[in-house]
Structures are given as C-alpha cells and as structure tokens.
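Here the structure comes first, spelled out in structure tokens, and everything after it is commentary.
To keep things simple, chains are lettered A, B, C, D, E and F as they appear, and every chain counts its residues starting from 1.
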Amino acid sequence: MSTDGSMVRENRVIRAMKAGRKAVGYNITFPSPWDVEILGRLNFDFVWLDGEHGPFGLSELESMVRAIEAAGATAVARVPNVEQSTILQYLDRGVQGIMGPHIASGEDAKKLVDACYFGPLGKRSFGGNRGTNYTFTPDSWGDKTGFYRLANENMLVGALLEDQGSIDNIDDILAVEGIHYFGIGPNDFAQGIGYPGESEHPNVVKAMNELSSYIKSKGRLMSGDVMSSEWLHNFLLSGGQAHLAAGT
Amino acid sequence: MSTDGSMVRENRVIRAMKAGRKAVGYNITFPSPWDVEILGRLNFDFVWLDGEHGPFGLSELESMVRAIEAAGATAVARVPNVEQSTILQYLDRGVQGIMGPHIASGEDAKKLVDACYFGPLGKRSFGGNRGTNYTFTPDSWGDKTGFYRLANENMLVGALLEDQGSIDNIDDILAVEGIHYFGIGPNDFAQGIGYPGESEHPNVVKAMNELSSYIKSKGRLMSGDVMSSEWLHNFLLSGGQAHLAAGT
Amino acid sequence: MSTDGSMVRENRVIRAMKAGRKAVGYNITFPSPWDVEILGRLNFDFVWLDGEHGPFGLSELESMVRAIEAAGATAVARVPNVEQSTILQYLDRGVQGIMGPHIASGEDAKKLVDACYFGPLGKRSFGGNRGTNYTFTPDSWGDKTGFYRLANENMLVGALLEDQGSIDNIDDILAVEGIHYFGIGPNDFAQGIGYPGESEHPNVVKAMNELSSYIKSKGRLMSGDVMSSEWLHNFLLSGGQAHLAAGT
Amino acid sequence: MSTDGSMVRENRVIRAMKAGRKAVGYNITFPSPWDVEILGRLNFDFVWLDGEHGPFGLSELESMVRAIEAAGATAVARVPNVEQSTILQYLDRGVQGIMGPHIASGEDAKKLVDACYFGPLGKRSFGGNRGTNYTFTPDSWGDKTGFYRLANENMLVGALLEDQGSIDNIDDILAVEGIHYFGIGPNDFAQGIGYPGESEHPNVVKAMNELSSYIKSKGRLMSGDVMSSEWLHNFLLSGGQAHLAAGT
Amino acid sequence: MSTDGSMVRENRVIRAMKAGRKAVGYNITFPSPWDVEILGRLNFDFVWLDGEHGPFGLSELESMVRAIEAAGATAVARVPNVEQSTILQYLDRGVQGIMGPHIASGEDAKKLVDACYFGPLGKRSFGGNRGTNYTFTPDSWGDKTGFYRLANENMLVGALLEDQGSIDNIDDILAVEGIHYFGIGPNDFAQGIGYPGESEHPNVVKAMNELSSYIKSKGRLMSGDVMSSEWLHNFLLSGGQAHLAAGT
Amino acid sequence: MSTDGSMVRENRVIRAMKAGRKAVGYNITFPSPWDVEILGRLNFDFVWLDGEHGPFGLSELESMVRAIEAAGATAVARVPNVEQSTILQYLDRGVQGIMGPHIASGEDAKKLVDACYFGPLGKRSFGGNRGTNYTFTPDSWGDKTGFYRLANENMLVGALLEDQGSIDNIDDILAVEGIHYFGIGPNDFAQGIGYPGESEHPNVVKAMNELSSYIKSKGRLMSGDVMSSEWLHNFLLSGGQAHLAAGT
C-alpha cells in the first residue's frame, strides 16, 4: 500500500505476463509471515497462499499480505470456494490474484469473475478496508471509476479445472471474459474423472494433456505458461534432509 | 452478559427506536478492542462492525463483542452474506443486530430473517455459546420459550439494498416480517444498477431517492431514521490531520 | 501425526464401534488447548468440538487438534454447515470425525458424505496440509490410493436430524452410504417441527422417539449407541458450584 | 470499567475482608476467557491468575481481565517476579490484586509494595491504559490525587513466603506497610528450606505451621483467612473422572 | 525492510533533527495495526509505541512495526525498563527509537545506551531477526562493521526523567554519550519528587522547568525540541465527541 | 506429554550424549508451528528456539513446544536472560533444554543452573503447568522427589560465552555443577572483546580457539561436540535460491 494513499499496487504477475516472461514465486500453505520475510531477501514476483487447504483465518491472512507486500511481491491465493463473500474477503485483505478451485461450468467461471472484478466486468463489492486503500481512492470521494479500473487492471484471475464438468463444459468456461490462465489440480482431477488417488494413471495423464492442449489451441494460457512456482514445503524438506545427511 | 445468568442484554438501538430517538454509534472495520474501550469513555448506543469487508475472524469478533458490551453498547454487524451458518456465528458471539448485505429478493429477505430470529418468527439454531448465555436461560433447562422471546425482542435486523433486484423486488422484500430498517450502500448500489464507481451520478442519486421514498411511503424506516453513525476511520483521520497541521 | 510420516492416526471412536463398546469423550465449545491438555491426563477416546456455535477460527481449530492428538484422543467436530469447502477445512486441520447439522434430505446427506471421504466413496479434495500429513502419503508420491483408503477407514461421519424434513426424508437419508450414526438435536428439532423452545413438549419427545426407533429398526445406530459424551461446561459448573458451596 | 469513565472498580476481596468474610474464587493457570465466562454464571468474588507459571502474554492477560470484569469478579494475579515493570503491566491490564512470589526479605516486600501502589504509599507509574481508565480519572486532567487514592484503596497485595529468607527476615517483611495477607507455597517452601519435593515432610509442615502462627500472632492474616480458592484444574478433572466412570 | 536485503531503514526522526525540523508523529498504547494503516494515509514521521504501559507482546509488537514500516514511518517505543534483554527484543522487532523510562542515574543512562547501540558505542547483541535484516548485512557474512555503523546511525535514543535521582544526577546522565533527547513524564515526575497525582502543583512545574532549562543550557535537547506528538486516544475521543454532539 | 500423566519426556539430546553421538536439529527464530510440523516428517532430535532474539511470546512459545513434541523432538531454547522468572516460563511451557546467553562469571553460571534444576541441584519453582505435567507427578500428590529427579535428569543446560568476563572467569564458570556444554556466539563474543562486527578478525578467532581449547582441556564439551544444528533460515534461502535460478 503506497504512503500517498493514491495508488493501486502493480501486480507483478500481470507485469511479467505483459513482458512475456514467467513470474517466479512460491506456494505457502500456512500463515507464517516470518517465512515470507526471510524469503523476502530474495526477489520473488509473487507468493501463492493456499486458502483452500491452509489455516488462513482473516487476520492471519491479512498479516501474510502485509509481509508479502513488504517483500515487494504480489499476494495471490487459491480460495476455498468461489462464493462472492469468500473471494471478497481475500480482496479486502489486499490479495491481487485469485485462483478459483473446481471450476466445472460456465456458471462457476462467471461467479469467479464476478467476484474478482469491479464493474463493468464484475460485481466486486467496495468497502473501506485495506484492499481498497481504506477508501482513499485516486479519484474524488464520490467518483471511484478510476480506482475501479486500476484495481481491475491489477487483478489476476486463474481457474482450476479438476472435475469431469471442467472437460465437458470447457467451451463455456473459456467463453467467460476475465480469466488469465487455467490450471489443473492433478489429485482432484484424477478423482474427478474417476481415478481417485491415481494422478499418474495413463488415462488421467492423457485427459490432462488433452484438456491442456485444447485450451492452448484456443489461444489461452495454462498456469505453467504464466507462473513458475514451488512449494515452500520442499525448501524446508530438502534443506532439512541435506542437514540430516551431513549431521549424522 | 449479566452475572446472574438470567437475562438477555437490552438492545439499545431498539430501545432508542421505541423512544422515538436515533441511536448514535460508530462503524469499525477492524478487530481492535482497544479502540472500543477508549471510545467506551463516551456513551455510544451501538458499535457497528463491518463483517462484510473487515478481518473479523471468529475469536477476534468475540473479543470485540466483549469490549462493546463492557462499554455498555450494543454490538451490531454487517455480515458477509445471509447464509444461516454465517449469521449464526455472529449471534453466538453476542452480536444483537444484523445488517444483511445485498438483499435483492423476497427470498433473500426471508433467509435473513430466518437466520436472525428463533421460532416462531425464524429458524435460528440454539447452542451453548455466549450469545445464548452458555445455555443459562431464564426458563427451566428444558423450556426455552421465554429466552427465545427475549432474544427475539432484542434482535435488530436491517437489510441493505444494493442491486437492481432490490428495486424490482422491493414489495416482496417489504412483505417479509421482522426487518426493522433498510439501508442503501451507495457504491454497490451504483454498480448494481449499472454505474460502477459513480455513486454520485444523477441517475444513481435519483434511484436511491426513489427507492428510499417508496420504502418510507409504506411506513417503513431507513437506516438514517434509526441510527446516526460515523466511520471510526474518520475520527482517526480528522484528528491526525489536525495534529499534522499543528505539528509542522 | 506420526513421526515417520507414513500413517493415518487410528480413529478411536471407530475402533470402539468395532469393539462393540461406546467411545467416551466430551464436548468443548471454545478453542482452549489448555482444557484439553488438562483433561488429557484422563484417557478420553475423543474430543467433540462445536464448530457450529463455537468460535473456532482456522488457526484456533488447528491448535485444538494438535492438543487433542497430543492427548491421544480423536478430534471430532460438529461443522457449521455441510458445504464441501467448510468440511474440507476441518479435515485439513486433522479432524477425523464430522457431525453434519440439519441433515434434512437425501441431498444433504450426500453432500455431507461427499465432503468427508475421498473417492470412490466421496469427493474430498486432497491438498498439502496437516490432515493429509503434508502430502507425506504411505504410497509413492503419485499413487495415493492407499492413503485415501486409510483416511476413509478412519473417517467418522454422523448426521444431525433437526428438521421436519429429516422426518419426511428419513428413508432417503438412510439410503446414503457412509454415515455411521445419527443424532437428534432436541432444541433445533423442537423448533424444526413447530415447537420452538419446547424440547420437552410431549409431541416433541414422541417425535424424537419415533424417529430414533425407526432408525434403529433399520439396523442403524444413534449417537447414544456410539458415543458417551458430556459438556465440558458441566465439568466447570459442577466443580465451581461445589467449591462455592464449600467456600462460603 | 465503568461507562462514565469516572470510577475505579471496587475490589471484591477487599470488600469481603472489610465485611469479615472470606472471598471465594478460583485459580486459573491459562488464558482462556471462555472458562471464565462459563464460570461467570456463578458468582465468584475473584479469579486468581497464575502469572508466575502460566502462559499469560500481555494481550492474553488483558483478554482475561476483560472476561473477569464482565463476570463481575475481581482479577487477582500471582506475578512472575516483583520487578516494578513486571507488576506495572499487570496493573495496567486491570488486575487489582497482586501476589508477589518469593518474598524473602524486607527489600523484596518493599519492592512489591512500591510497585503496587501509587504514592504516597508506593511508586506505581501512571500511564494511559485500561488499568488507569485510559487516563479518564475522576479528578481534573491535571489532578490525579483522587484517582490515586481510589486505586490504592482497591489494590490487594499478598506476599508469598517460600524461602529460608522468608523465615529469617519475617520481622522485616511484616514491617513493610501495605501487604494485606501472606501465603506459603508448600512446594517451593519445602525446597527453599532444604526439602525439595517433600512438602509433606514433618519438618516442612512444622516450619510452615510455625511461620504461619508467628504471622498470626502479630495480628496479620494468612491467605486462608482472606480467600477460599480452588484450582480450575480440579473442576475439570473431577468432572471428567465422574463422566469417565459413568460412561464406561 | 528493503527488498534487496542490504540496507538499514533511514530513521525519519533523526533525519528531521538533522534538517532542523521537528518530526511529527503520534503515540499509540495498544497493538492495532489497523489504526496504523489508516493513519498511514497521512504522512507521519514516526509512530511512538508505549511499551511501558501498553499490551505489546512480542508478536503484537512485530505486527505493529510491520504496519509502521509499510506506512513509511519510523517505529519508536517507550520500553518497560532498560534491561538489555528487554530493549533488545524491541530492536530485534525493527524498532529504531527507544525511550528509556525512569533514567535516574548515570548508570541507568549507560545501561540504556549500551542496550541500544552496537559497539563500539554500546553492547547490543546481534542475532538473526528482522531488526538485523535476518542477518542479511550489507557487508560480507563475517564482517558486520558496516551494518553496525548504519544501525547505530539510525538509532534514536531518548531518556525519560521522572525521579528525584534524575535531578540529583543530571550531570552524570548528561555525560553519557548517545542520548539524543530528554523527556519528563509529568505524572511520574510529580510522584517521584513527592507530589503524587499533582503534576500541576507549582513546585512540580517549577522543578520541571528548572530541569528542562538546565538541560538546554548544556546544549542538549528536550523531546519537545525533536518531536511533535499527540495521543491517538485523543484523535478517537475528539472525533467521537463531535459525532455524539452532532448525532443527538 | 504422555497420556498416562506419569512420565517426563526423555531428552533426546541427553540420550544422544550418553550414546556418544551428536544430536541433530535445527534453529528456528520465529513461532511458526507449521515449519516444525513439516520438518517433523524428518527425524530431528531437537528444535532450538531463539528466545533471545525471536518473537516468542508465552503462548506462541507453548504452541511451538506442542508442535515440537508432536514431532517427537526435544524443545531447546536460547533464553533472553538468565533471570529465574524468565527461564521458569520456558520450562513451564515444556522446554527441556536451556542455553543461557552472556555467561560471564561464576554467578551468572550459578543463576543459570539454579533456574534450570529443581533442588537439590537448583531452585526451579514448581507450579501446575504443562512443564510439570499439570501437577500430575509420578509420585503421590505430596511427594514430588521422583518427579524432580526425572525432570532434572532430562534437563539440558548450555552456557553461551560471549564477553571478556567469560574468558577472565572461565574457571569460576567451569566450577559450577550442572552445565552440559558451552558455546561461543561469534558476533557478540567479537564485540565483547573489543572487535564489534569482526567475528573473523584473527584476534577474535584466536581468542575463540583458545577459550574452546581450554574448556576441552578440562574435560568439558563444546556445543559442536554435542549438537549439530543449522538455521531454518538457510533451508528456506537455499531452496528459494535454487528455485529462482531454475525458474527464471
């Protein structure tokens, strides 16, 4: 959040997309601002918060976004569901990228987009919190059109495809305006198409590849085209394993 | 909460309504019990918590209600949505006034009312938490009818109108029993009727005025008739600005 | 959570069911890990968390589950609703038993079951958190079928019947596979069938008995057949009352 | 805290002392406001917080005092040490009774008293927090003599004797003005006089009795003369044991 | 904290001192990062945290410093005492200004200075936390002399005079190198010289004036020469009072 | 903490010492139980908490110890100072290893030991918290000698040497019974002997080597003989750097 109270933070993932390079970041599944501060010594474009599975209560979430912003990165989150009131709370905390899980129909996709953007593209609610700069908009008090436009321009939206419906309704999904990229969650996708626990089953791999190819054939992007991410889990475990190997 | 375990706190907004005067309070969008304690030196009727946009996790919310009660005021909240399970958590924390956002149909209004009141008026669930005095009801253990009645009598319900549907379905909304007053959120209302960011656009102002007049013509109240509120933001900023002006 | 990272904790309630004895535990409605640690000196099978009414934010919930596990007990929770994303957060914290409130139709029951189990029985989402052992599954990285099976085998599911619909649709509810036992919430049930606040009204008692008998006649279990529980409230109050009586 | 901002809360233990009866309360060693709220249904005079051993961080401590005040009781605490800055933080949270541990000399006793009272009796620092009503004193802004007097009159001070020095220097300790009562911590006292772990050793019992008799012979009070307390631990455990016995 | 991990934040109070102007800020006595964020819309030089009286636990303190830094201001704190381990925790959180209370002798002053600065001026301990940029110093890993120098240059130290000893030993106090300015706490000073509660007593006012004049006569600064501050309490109360007056 | 309430956890560092092998663990400077849970998939002997520099409030500290115990490891901590009341709070949380900073004299060493052990070796206070199993000792209620002995046998004590006094008074320090090992903090040691910021200065390195050799010549152990540790910081940073290198 800028000190003059007039600006929306630039979304570094969108900036990277425009520059034709992948944004680099990491996924964290728990609300520790300290991990973010330490990794803030490095120059990551984004930090991806797993709000679907991780214990991010509202004030923990906000602490995380403060730490991410202090590290100069963009806060991106997978949300638990695509209800308007769920996504709104993420945006009001300062999150600037939303990954909607289980997008399995055109309606799901529309719901996701409606929740993420102010009008005219969406239906995001405006309220006086940190995601709206505590109402300090760049416009006059009454006119927020400039602020809405800036907020929308720096809003990143991804859709996670992980159900049979995602395959069946892919054209409806692709038709919804406002989604920057698509991802496939291998575990839930495998279960969603009838192979629970078998994300490496040939039929699953084949289905993922076909879906991904189809999306790209329509000129759209997959998450791997936009972002390069890694789980913070793995930073810890590979470091820990190396230390254990050396220490004993 | 009373020490003898037998009473429901009197709702000061409802008391003021009955006395034909406006209740006075302030809106806070973040869970700081200290701001509430300090302002508790003054004699406000209510404190309005913005649960739609602010970071009120469940235990933060409860801390706030404790501080509000200690200040002798009534806790009122705008909730994120009107799902029964969402509103229930506010009531179980001790909140005695609910403002439901985006009431755009008779069903929305009914859902709001059902969630706020015990039967026969509504369908609020009873459980052993602070909003139900940890099950210490004024009746015998088994018979809770007296407690239900007292709780309902001290329950304040408001509906926020901020969509095209709110206009189209206003008669259905007004027909639902149990809503004390109506409010219009200018930003979301403007967006809801096709003018995102332009809450001061003449068409928006006109629509708000018409809706408000219509409601009053039916003998019902608008929030401005019931409550006089101000954002705590503004207390801070006007004080801070005066100090900056004097200090430099 | 085991230190070798390979196992799912055994569910003590399910173990007791298989052994033909009632599991013994207590109900807590607030997130104090200390109460759990102290009662951990005794050997309870389970701790039942009231997530419908109590202030269990996500990180408070997780702290509770850690304390419950440290006490060697199984964490069981009543959830606020049966939305998939709601229940998932409980499971991802490490809760191994879910009591779904207001199960009033076959669809409600199916939603509950889908949220609680991995496939093929349900649709629980897999993500890297403590409920999934931070992705350390007993299988290879890719193959999670063994982990899914173990997790499902140690998943306890109960359905709370507290509406007229629960009576009307009991056959549909009973037809849904995966529910171990049924409970009746007297207060909400009384309200649900038209007697708000009168859980001891003869008609209410009669309806509860009939519903319960019908379920048992179908060879199914009621919560009282499976678990013996008590409210922690009552431990405090009976101790406090005895002390007051002695102290004054 | 009163809503008119003008008063100091009456200390119920001191009120009971004056009325010639024992105050009744309980000891809690962990920061759960919920236990306090539930027991608040009963009418305890005080709640005793174990700040020497329990995990009462500053904001947890303040939450506890809020809950205790809401229950109409007086907050009393054993502090970790008798440093002025340690005790001040308890008083600034709203605690109105201090039990100083390990008072083994006249200097220790004086340090305790100095920290607990405003002048002229002591040296307590005045700052704008909840224990000083956020500076809303009953006097004019500048003149705080009335507030100091009221605060001192409602300040309860106890000294814990648990070292050889407490015996050797008992006359010096008794000579310090401002201590209402004395207590003996059996475990630490036993260790302090050379019998670690043996609080029931005849020599320990004898020494405790002699010290206690000597203090009473000087017309002073022991904690058992002033307060009747019980550990909340025991409420939980006796309730839990009874339930286990009944449940299995 | 800068994103390249190499720099120490510039202390805005010291910058203002060098520029010959007063720094402007406000005093907050409770750990609400939201108040800081909202006031962050204005351009304050510093935020002064009252660690002597306010409930700033370690992680609450750190949250505050994050919010203060995000607002572009310098975090300054009054500490509970001048023990090295107490002050160190403030510095390790990122606080860059320390106000030591009750400096009543040369030894007190030396203790304060030793705790605040790295060598050669002081004895601050170096550890890997946010106040030391998680060990990312601008020098090589081994050589921290550059970092120590920068940290010291941006360290602001004030001494609070509020005891008879402060008067008696003022020359010893002034002789200690490293203190930028001196303050007098009227309430504690009045008590310290024998007029508890009477900060406006003529003798107190006279003594304060004399002490202040003496310090200035030695070419040293008083806090009023360096900083213009106001209590956030007063922002809230003046706003609240105006609203109450208008609203009723 | 064991479920039968009768045992003291075995200290894995002491076990390793007895077995003639180094214990392996890692140092964490912030209170994130999640990092501990994830690293709990690996089999570390201990987790070392930096209480001198890190933001471990009391309840955060306790959460960490719970997570460490759940991972089957021993909680060890560097404390902010060696005051009895400071160390007691770590022990009461369940920490079983204490590293005392700035041990510069025999008195410092004695203070450290007194605080860590129950009698007869030390003067640790006994109170009903988790570090004392909530008073569930293996003995009768009155006789705690067995518990004291077990607690002492599983108490690890280290002394950090980082001042000129540590060199000058090394014989007095070594003469104090109860310290298992000694460490040298290079940064503070360098400053302590007159080379602030220059831990790699030849004179510093020489002095460290001499002190270390002297200690070993007396048949005592250095921390490197007992424990192999690494900073969790480095796990994060090396993982993060590798990912950045691969991702861009």
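As a convention for this text, contacts are C-beta pairs under 8 Å (C-beta built on N, C-alpha and C of every residue); 3 or more make two chains touch, one makes a residue touch a chain.
This one's a predicted model, so the numbers in the text were calculated from it and none came from an experiment.
Under the contact definition, subunit B and subunit C share the contacting chains A, D. The chain with its CA mean position farthest from that of subunit E is C. Separating the centre of subunit D from that of subunit E, both taken as means of CA atoms, is a distance of 32 Å.
If you average the Cα atoms of subunit A and of subunit E, the two centres end up 40 Å apart. Residue positions of subunit D touching 2 or more other chains, listed in rising order: 29-31, 38, 41, 43, 57-58, 60, 134, 233.
If the chains shown are joined wherever they touch, the resulting network has some other arrangement, not a path, ring, star or complete graph. This structure has the following touching chain pairs: A-B, A-C, A-E, A-F, B-C, B-D, B-E, C-D, C-F, D-E, D-F, E-F. Interface residues of subunit D, counted against subunit B in their complex, comprise 1, 3-5, 33, 37-38, 40-41, 43, 63, 66-67, 69-72, 130, 133-134, 136.
For subunit B in complex with subunit C, the touching residues are 57-62, 83-85, 88-89, 92-93, 118-120, 123, 125-129, 132, 134-135, 139, 142-148. Considering their complex, residues 29-31, 50, 52-58, 60, 80-81, 86, 101-102, 185, 187-188, 191-192, 194, 196-200, 231, 233 of subunit B touch subunit A.
For subunit E in complex with subunit B, the residues that touch the partner chain are 21-22, 24, 26, 29-32, 34-35, 38-39, 41-44, 228-230, 232-241, 243-244, 246-248.
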